[in-house]
């Protein structure tokens, strides 16, 4: 194909087809479950799923920024838990703190932890998977150290923190609003800001990014810092939602976050991924998670099913993303001439 | 001083912290005892084995353990015993050949009974109930659920119908989601019984968030400090727990008796547990400390200060 | 690629520091029994770390390796319950390990998927299957020979009094030697390095890259099965959460051992040293009664610190390395 | 073009070391507005390093950079760009997932919105419009909103040039910009360079193709081993003289005489086809024969060669070696059958940059049991260091590879020497048929001569060689027969005697011989472009 399609101004919308397929699958699952348990198709349930997925969506937006740069942030769940714990402790120590103060604290703590990842990675040229594997343990341990191993329980969690995820505005819970705000921010960053486009550029070709004059180091640090800040925000919401903070909070959740990104078509290899796709990945996990208990799948099966779903979806992704080749031959000639070689017959 | 190690399933758990507090009390009472409070990062048997190996190397006098797996710890604990270390399991037991005695916080039958009666107190004579457990493998959880089923089979409780058992893996978010799933799949549910401290708090939170307070009740085994808020909100009428402070205290006393040779680990033997009293070993060298203690609006505030 | 490069020297120094430092500070740390016990910490993990090392050198990773252990242990237990003897049980475990590894390898080579994603998926799948099969049950009652394998000493095995070196340690030593010879002295090792450094060029050079990838995944499955047999023998029970989280410990060992996560570099000696370092260090911390979670934190910090320290002095190392034109490692690998 | 114009950018005594490598040792040069300066030198002379120093990628260890007579330091590439110094680098610098417009404006997109910098957003409309303008200027026939991953290599180079143009650069550095361009594109490219000069831009031009230098450059500087060894006006220079300066010795006959006479048939290919890349290729190759494959860039020759090596799974057809039909599904099969291929992309497909020279050379020779040399450089499955070392030493000597030692990583060698290592890798294997895909791409005359000699030597020893090249003189001087490909099809075949430059080019570009100009711009296979007029025939003169 040699004629370039003309399209409206803006970055290319990647893998559009794939996203529709994913959306269709999600819809199909929802309908199938709805047939067996009509309660699944109620608005109430939709809101529940949105609510359950909100925190995951926030984390996925952050993780996506990092994945775009060919990195990975394994420390998000630990960051979430540590920030959650620290904010809970702060709220306990300073009950007079207003909500903006708490949110600012969560963002700042999360951002600081994320920045540390970014700094270690860029300053010492370390692979992100190694650094965040290390900080994953370090942050987790820090919760234990900070809290002395004690839990912060329902009655000790700052009332404003507890109220935050539950309050509603225009019929939607604040949790969902928070996620929407983060999504809007991600779209703005990735589509309309230089920084966001440069994350795609760096992920696509890190070596070239340097020649192109992209301040690579700042961009990488930005990605990790934002991932951290969003994890911090998620930590605040998590602690508010479940009204508890303890060492093992959200442990293992990083794999869910990465799985959501991958299902949503964000490439581990960097440079590829869209906010819409990632959101569909989140929705997919949200719907499946909500569906399993409703259709009373034995809890023993849940993990196996989750694994199988990840495998199938990445295999499908890989298939639809496979490039169509370069096509040197002219199309009409190609269709005219059969592929089977005439000479090859006499073997 | 004699070193007695208190090995718990994992650190950072309020229940075991309270047991540790009791152990320290016992140590103070017994004068020449030093408590080592330790446990693995994750609640696995492999992690506990690593911890026990280091304790053996330190030549502790006794190991008091709540096991993540009744069988997996046997070989390493046998090794410990062969080097002269006394082994007492508490809370969650070790298989008989891997310890000198087991101190159960309460007998399983008593707990099963208690869980059912609390459910009945909350919802009345009839209604659907469901169980929210920890992991599907947790030994004590499964025994208690089994005992509950036995009790429910009795005619006196025929009105209560156990409709589902779900597993929250002792994770807050999963337990919360499972509780929500129960609301959806069983619209007539009256009570959720969660014999796990993580699950009971998460379920209570879910009831509160779903604005089902008054229609649905959560009960089970929980810590007063975690449950006080939920009792106040009305999502929880009552819950029970043995006193973990007493449990830690008693276990150290029992271990001390073995260290000093006062106890040998024979069936029928009586072992003094200090202020808690005396227990008798059964044929499996097991003993039950006491029946679970019920907490409700009248006393929860008071105990929330302790654990 | 040199077997004893700078990084290995650093590791030797650290190991010595641990033994000398803690040996002085902690009573009984250097006693023969403590030393023997401390090896149980590492023997099984070393087996999966070795397999993981080769995978990482080849530019792949297997996060499902610990889940394969659980499934292999389950297969062995099921075989026992079905009345199989030692050969049957071992065959069941190894067969399962090979099958799981082959599935990983098939997904990676046939579908050209990044192994990190594939094995996150199979991690859930394999553990989930173990959970489906076992539910809340455990398999126990393993025969005596298995327990001896897991808990016995070479002295028991060879009839030498006082030889308290655990059998598992012996297995580890054999595995290290085997892997060392394979990776550093054989043609296959050279090809594995080539695949990790530049899979496209390796393929152009006539190396059957996908066949090697497949073999490495199957090898990882086999080592996981072997480790599972030992671990099951040692603890005498099979549960779905057997060895949970070990995949990350194996990765930690491999990276601490100086294997480059982007592939193409690393040595078996380094992996061995890292295993010993981590094993002895955590054992020493355990003897100081540092709680498990803090220990994990210290190990995490050690991992990051070990990578950071040598580069601390090189200001701007980052820019320099980027400027050096390099072949597009992983991307090229996926395209191949 | 007068000498009196004062230099815009000057280098004085620039030194640059990479560890033990002293890449630049005291370079002086002046770039004058409106003139193009040719930077000439063998592989590894330090040309690319100099470019990187000029654009802020590297910092010089010693020496001064003067802009308008003022000394300054480029802290990074951005600083250099801000000062108006822009480069088209030797390695393509492209972001595949982004559009052409984004690539052109990467790092400096036009912004719109409120004055507050934190709130301003990318002005896509302006960016696309301005990018389209820049692309049109270089005659690129595709939309600025096309994702780069859909474009051919040549089109990507046009984007790079458009990027340089759009920056209003005062100094434009072109590091082998034509390596991937077809003949017609090269001629268009001359027009672009002339346009730059007319606008008063100072151009630094690096290439190994002399015809290009004479066509567009005004002055030259010759670099040898990192030092400037000569400079002067292009008009007063001649090729042998420049070559002598570059190499430090005279290089007379670049092309050796190929004396070998083709013997019996070794390789027969019948009906080799691929659904999208090429169709129905038929040719045969005899012992001691060089078969040239000529075509414009993108004609599909490389794809066909990959198919011969078993790297193109969709390809179908019949391959016979010595009359025996062979199944080739993997390079290992091909190697076992006696085929070897020096691929086009040296760094990606050819060598392993992190491996030492020795290990690169021995990689294929440590082949599996199906191959002839199996067991010669190893003891069974075990490595044999001495045999391996001897193999490497022999080839380093024979190909005169410039390397500090066998243990030097391949990344430490210059492009030409890397290529020699990659060729050497196959000689150790003693293949029957060697495929060389653009073996002289981006290497200097000296190295080229060495490669040509090597090819001649190979056929004299009875090997059969397929030489894929986009440089006509190369195939005309070396090949016994020439196969011409066009858009994936085999369109003509000539014997050496019957071939003349015009006929061959006409076949490759699909033009009628009766047409007055050969220079009629040719539609590139991958992306047809509208025609722009270029000077006639200049590129073919070499």
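Note that the chains are named A, B, C and D in the order they appear, and that numbering of residues resets to 1 at the start of each chain.
Keep in mind that, in the parts below, a residue touches a chain if its C-beta (ideal position, glycine included) is under 8 Å from a C-beta of that chain, and two chains touch if they have at least 3 such contacts.
The UniProt protein names, listed by chain, are A = Autoinducer 2 import system permease protein LsrC; C = Autoinducer 2 import system permease protein LsrD; D = Sugar ABC transporter ATP-binding protein.
Note that the coordinates shown come from a computational prediction; the quantities given were computed from them, not determined experimentally.
The minimal number of chain-to-chain contact steps leading from subunit A to subunit D is 1. In this assembly, the chain whose C-alpha centre lies farthest from subunit D is B. Of the two chain pairs examined here, C-D and A-C, it is A-C that is joined by more C-beta pairs in contact.
Once the centre of each chain is set as its mean CA position, subunit C and subunit D turn out to be 44 Å apart. Measuring from the averaged C-alpha position of subunit B to that of subunit D gives a distance of 73 Å. In this assembly, the C-alpha centroid of subunit A lies 29 Å from the C-alpha centroid of subunit C. Subunit B and subunit C have Cα centroids separated by 35 Å.
Shown for subunit C are the residues in touch with two or more other chains, namely 131, 135, 291, 293, 296, 323, 325-326, 328. The set of subunit D residues touching two or more other chains comprises 57, 91.
Across the assembly, subunit B contributes residues 10-12, 136 that each touch 2 or more other chains.
Taken together, the chains touch in the following pairs: A-B, A-C, A-D, B-C, C-D. For subunit A in complex with subunit C, the touching residues are 70, 72, 120, 122-127, 129-131, 133-138, 140-142, 144-145, 149, 205-207, 210, 216-217, 247, 255, 258-259, 262, 268-270, 298, 300-308, 310-311, 314-315, 318-319.
Contact residues of subunit D toward subunit C in the complex are 52, 57-58, 91, 309, 311, 330-332, 334-336, 341, 343, 347-356, 359, 363-364, 366-368, 371, 378, 381-383, 411, 425. Listing the residues of subunit D that touch subunit A in their complex gives 55, 57, 76-78, 80-81, 87, 89, 91-99, 102, 106-109, 111, 121-122, 124-125, 127-128, 142-143, 145-147, 149-150, 152, 270-273, 275-280, 282, 298-300, 303, 316-318, 325, 487-489, 525-528.
Those residues of subunit C that touch subunit A in the complex are listed here as 107, 111-114, 116-118, 120-129, 131-132, 135, 248, 251-252, 255, 260-262, 291, 293-294, 296-301, 303-304, 307-308, 311-312, 317-319, 321-323, 325-326, 328, 330-331, 334. Against subunit B, the residues of subunit C that register as touching in their complex are 27-29, 31, 33-34, 37-38, 40-41, 131, 134-138, 140, 147, 150-151, 231, 234-237, 239-246, 282-283, 286-287, 289, 291-293, 295-296.
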